[in-house]
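Next come two complexes, and both contain subunit A; in the first it sits with subunit B, in the second with subunit C.
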Partner chain A sequence: MDTLSNYIFPNEFHITWTVMIVLYPYITGMVAGAFIVSSFYHVFNMEKLKTVARFALVSSLAFLLFATVPLLNHLGRPERAFYIMMTPNFSSAMSGFGFIYSFYMIIVVLEIWLSYRVEIIDKYNKSNGIVKFIYLVVLLGNANDNENTRRFDKRLVIALASFGIPVACILHGYVGFLFGSIKANPWWSTPLMFIIFIFSAIVSGLAVLIFLYQFVHWMRKRSIDQDCLDLMAKWLWGFMIIAVTLELMEVLSISYENTERWAILRQLIDGKLKLSYVYLQIGLFSIVPFIMLTITSLSKMKNTKVKNLTIWIASVMLLLQVLFMRWNVVIGGQLVSKSMRGFTEYFPGLWDKEGLIVSFLIILVPFVLLYLFDKVFPFFGEKSH
Partner chain B sequence: MEKIERRQFIKLGLFSTAGILVGSFFAFAKTEKDIEVNSYEDLLKFDWGYIVDTTRCIGCGSCVRACKVENEVPEGYFRTWVERFEITKDETVYVDSPKGAIEGFNRDNAQTAEIVKAFFVPKLCNHCYDAPCIQVCPVGASYRSPDKVVLVDKEHCVGCGYCVQACPYGVRYINEEKGVADKCTLCYHRIQKGLAPACVNSCPRNARIYGNLKDPNSEINKVLHQRRYGLLKPDLGTNPKCFYIGLDKEVK
Partner chain C sequence: MRDRKHIVTIFSLIVFVIIIGVIARLILKPDSFGEHGQYRWNAVSELQKQEIVNQNISTCAKCHDDIYQLHEKDAHFSVPCVDCHGAGNLHVLFHEGGDSAKQITKEQAALPKEYKLEGCLFCHKKLKARPSDFPQINQEDHYKFLNVPDLKTKCIECHSPHQPVFMLTAVREARIHPIVYRCTECHDKKPEQSFKEVAGHPAIFECNDCHPKIVKSFNERPHHKYIECRTCHLYHKENETTGRIYKNGNARFCLLCHEKKPFKDENYPPKIEWPSHVGNSNIITKSDEKICLNCHADRIHDMDVKIRANPHSSDWVSTHKNFAKVQLTVCQGCHTSNDCSSCHSKTKPVSHNQNWRKQHPSFGAKNQSTCEMCHKKDACMNCHKLSMPHPKGFEDNHKEVATQKGKAVCMNCHKEEFCKQCH
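Our next item is the complex of A and B:
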């Protein structure tokens, strides 16, 4: 039987989760991804990544600090936000959020503190008065620096980084689970969801590091560590292949199973999500960067300028790919009526409380924070070098 | 003499203070007794269930209006609504629920085609035994009362909207003014006093029946024993407690 009327339940005219909930997994994705990149160096001894290891770690923290902002902006009663830790209902996938988030924050802050300890001690020794006191407080009163303390700190960093990998996967995998476990929603409900989220997190983490690393070096007219960039680009290529394949496999398996839900999801993909999913997420922002990264990874391009520019454009496109993926999951899933007979509409307003300007500011703030951090502790050595 | 007077004064003071304390204790104890609160043990004797007889509904929308007034349901949202299904000769299904049918229906849907089957289906919270909304609430603000009604603690809800996503029936919404989740309470304030929910009370065709599933002699059990009924989306394992008589396969 065919349905002609586009029927949705009367409570479904406004979607519940707005673009704020698109930003949250996008930002945590970059958190988890950037952290995993820094762990490649610390745990798996990939020396080539040393250049970006600490930068990745601090980026992770900068995004982590603002991951909760869109959530708080979205909550109906933000003043009750801490109830999630005070009275958690452990049958809810969401209840673990506060604990996982805090735990991860502790790991990242500790790791940054330990890996910057030598620099902080150096600043402490060179400064005077109140600034010296502030550095002493940051050092927790211990300004000892010798071979033994450095070795001990390094060991702790390795331990924290190894421990942090599963926690980063949990932090982001659980965001995927949060969607994937909603049986009421045909577009979300799949056990693949949390795996897709982990891989797309790594893609966005690698992409944002490549994007920033090259951008900063171009702005400062400094030479790029080609080995490091090539390795990151190769990793990005590999992880984007896995992420996009998983995304496509999910839709393929739903369509092949051809159950009741495919009847409505087919209309969703062919209708409301045609532009943002088919043309943009899969077409432009997956296939094109895949071709670009295949060329830069496999062929011996002698012109590094062209090569690096190609890598940079591919990383920007993949950042957009992940953003569209989040949009298509979070918003796309809510466009489908639970009556299975129609679709609702959504587009964020420009100046709304949960609109586009606010979204843009939330995305921008971590980058400003990174800029300020770089003023105090330059990521890639002093400018004069 | 003076000493005795002082002693008497203290005695008087002590006695009067004790008197006020004891007296006020009784006074407060008495007002507590005046409030009609069913004890936990009393509530355990109930398991509220609901029947929608789709064969009787005429789509007048009285229930929707009654609910709106009784529960101050915000504009644009519904705790209950009525859907109209029209199936034409060429087997096309037309479904609509203009403004939740708060003003009933006009003859304006499938005008061109020949309708072979048509019926109305009132919808409301199914008060599921295995409610996904309770499962997903991160702070435990969605809960099941001892008499098995699914409720929201508005003093505790953070307004995250996860329950709205988890409900397969679309009966929940975020009350934008209060910033918390909201839904049908089966008129909990009324059923506690022995009154029928507003929608049941206002239905002119007795298409809505509510009652205690734990009482073998209740009307709801009698009807359930006589009639054949269906559940909405039974495959999702929510175990809904809203039983639909004459449910068509097109209703989801």
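Our next item is the complex of A and C:
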């Protein structure tokens, strides 16, 4: 309450959408981004990305499973989520997310099931007892595997991946749409919002895959598929340029329009969001990784260790860039008073129900899930000891 | 076909799950959902049947009448009890007794009584969005003004939540007063210039326009350096042209700044020990609300002495002699030796000259307690054969009094012409 400034209405002391609503588009973005990377291989035949294609797909599912957790924690009555299905409201933008989310979940699960069918049959053949039975249930009682089944599976995976790309874009574009369509909020209300969200989603998806791919290989002391990493780094470089440019173009557009909202948004950018937006999101976490990825993409660096480390640091920075972007959009938009003349203040508590520790745990859980999945079906081949 | 069987199976499974979902929806969809919109219509009647948990202020008043009386009179009169104390339904049920009370523990029935700083600031924190006449503080400035170094000091250390500013006049009975503006209602900070120095500035009525003598005398006294008229004369805007103003001379209001407290700075503003400041004996009635003004009115501004009441207890005439013998210095805190001699000298007071017979009725009507310092209460009765001054409503029943007591009683003061003025 100490840093409320200027003209604030009494009901604006506390913001409504907390850090949980920052995490929700952040995790959803990684879902869409990771899926699109896997589709690069499946649909666009980028053979170099074969190494991470299935890893990207499973990552997408891991994040997808937990994308709604921040929302459910925020709303406080998770069991009521099923009412979206029981009593669907087709004119509600929020419930629309529920349908797209469910549809996308079917596509991803189906694609993973088809992609891993050969491995599951292999495990089924090698196991006994209850484990064998579980594999049989997962295989839906059909362990038939031959050239024909593999060919059919591959075709279907391509079809699903092709279909999945627009659905992934809609899924995350939809999150951007939810913000962009709130016309009462001067910081959110722009048709560019959903496009920015899609591109930042691809950036976060690529960044998290690069981050995990290198991290796992360094931990296991295995050699990195350099071609794959270079290609991912180049894509990351390209998409981050588009994403950051769009983010800046949006502000430029509002600034150039110079309508009444710019008076307050200028103060927002220059005041409450100066650190998180100007210095961190744009300054440190956009410009620096841009320079790093420009160097790794355009120059012929012979020292691959330095190159890979540079790419890895850039990916971590871009993950933070996207996180700050979500924060600046979600929280920044709520800091502005509806009077357009003042600001409120927000920072999450450490141990709050919607605080920093809970946020960290929610972010961590998909990674734990990936770790467990890797134990059963190693992403990058069996561990070398 | 055999090699595509697993694909058929999984799609069949998906279709099956969707069918199950549709059936589940039909079964689980709440009754009455969608009858009148995207909600459960039965929920409306269910909500209507819910017991009201927030207790009405009149319910609280049944047991806490003393607090209710204070609350109704003072600035928080429009704040319901539940705002600070919670719903209170269990509290009421528990104390009403009966079967339902048996299921409620004492702990459940207890109402929160802790007034947190943030709780008060939720309404009283300075915000530009609040109406400017609404009492609101910048906590730092407020504490700085009072020289309270610890910002965690709770509001209730000075302000009683039930009677936050100790008003003398009940809020709803306070005098209607034309609108009083403050510069800060339009300006962020109080401008250094007077509005009169700004060309084209709208005319603003100031206290000085109607009360020049009082404002002049206020400006000559020490308080004017630190406070303004509205600091004591709290003003509550009711509409765009009028509001209510309070002549707050309550001792406890003065003590908000001037009472010694451990969390306050010792030097500024000047402070006193309370109630020892007025003596530990019963020489002064501490329930007298304007007790400070009796001695310190001259530190504020010129005041009509009428507002000053006799601070001493009713038996003071008979008991003060013994007190003065022992603690004459305490008396001298307010009185000069002339005050003693005005009664104790053998000569009459200077005022009791040849005109006094004519003048004494109007003086007595206003200063009855002063008369009673020398004269007994029935002194009036001795001459007038009536309780004087005439009580309220005397005009209506004076005919009966004149018939009973005889017209001569009236003629003690009035002449025959006096009756003829009306009759």
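In the analysis below, the second predicted complex is superposed on the first by the 376 of 385 C-alpha atoms of A that agree within 3 Å, B and C clash if a C-alpha of one lies under 4 Å from a C-alpha of the other, contacts with A are read in each partner's own complex, and residues count from 1 in each chain.
The rule is short, and it goes like this: a contact is a pair of C-beta atoms (placed from the backbone, for glycine too) under 8 Å apart; a residue touches a chain by one contact, two chains touch by 3 or more.
This structure is a prediction, so every number in the text was calculated from the model and none was measured.
Applying the stated clash criterion after superposition on subunit A shows that subunit B and subunit C collide.
Using the contact criterion defined above for the overlaid structures, shared-chain residue A:T87 touches subunit B and also reaches subunit C. Taking subunit B and subunit C in turn and counting the residues of subunit A each one touches, the greater count comes from B.
Legend: residue contacts after superposition of the two complexes on their common chain; A:N258 is shown touching neither subunit B nor subunit C. Contacts of A:N142 after superposition on the shared chain: subunit C is touched, whereas subunit B is not. Looking at the shared chain after the overlay, A:S339 reaches both subunit B and subunit C. By the touch criterion defined above, A:F97 reaches subunit B but does not reach subunit C.
Contacts of A:T294 after superposition: neither subunit B nor subunit C is touched. Of the two partner chains placed by superposition, subunit B and subunit C are both touched by A:P10.
Of the two partner chains, subunit B is the only one touched by A:L75; subunit C is not. In the superposition on chain A, A:N185 contacts subunit B only, with no contact to subunit C.
Annotation: subunit C segment clashing with subunit B after superposition, chosen from 113-121, 185-193 or 221-229, is 185-193.
In the three-chain superposition model, subunit A touches both subunit B and subunit C at residues 1, 4, 7, 9-10, 13, 87, 89, 92, 337, 339, 341. Remark: subunit B residues 76-78, 81, 83, 87, 91-97, 99-100, 109, 123, 132, 134-141, 156-162, 164-176, 178-181, 236-237, 250, 252 touch subunit A in the complex.
The touching residues of subunit A, counted against subunit C in their complex, run 1, 4, 6-10, 13, 85-87, 89, 92, 106, 110, 113, 117, 139-142, 144, 146, 148-149, 152-153, 156, 337, 339, 341-342. Contact residues of subunit C toward subunit A in the complex are 2-7, 9-10, 13-14, 21, 24-25, 28-30, 33-34, 38, 118, 121-123, 125, 127-130.
The part of subunit A that touches subunit B in the complex is made up of residues 1-5, 7, 9-14, 16-17, 74-78, 80-81, 83-84, 87-89, 91-95, 97, 178, 182-185, 334, 337-341.
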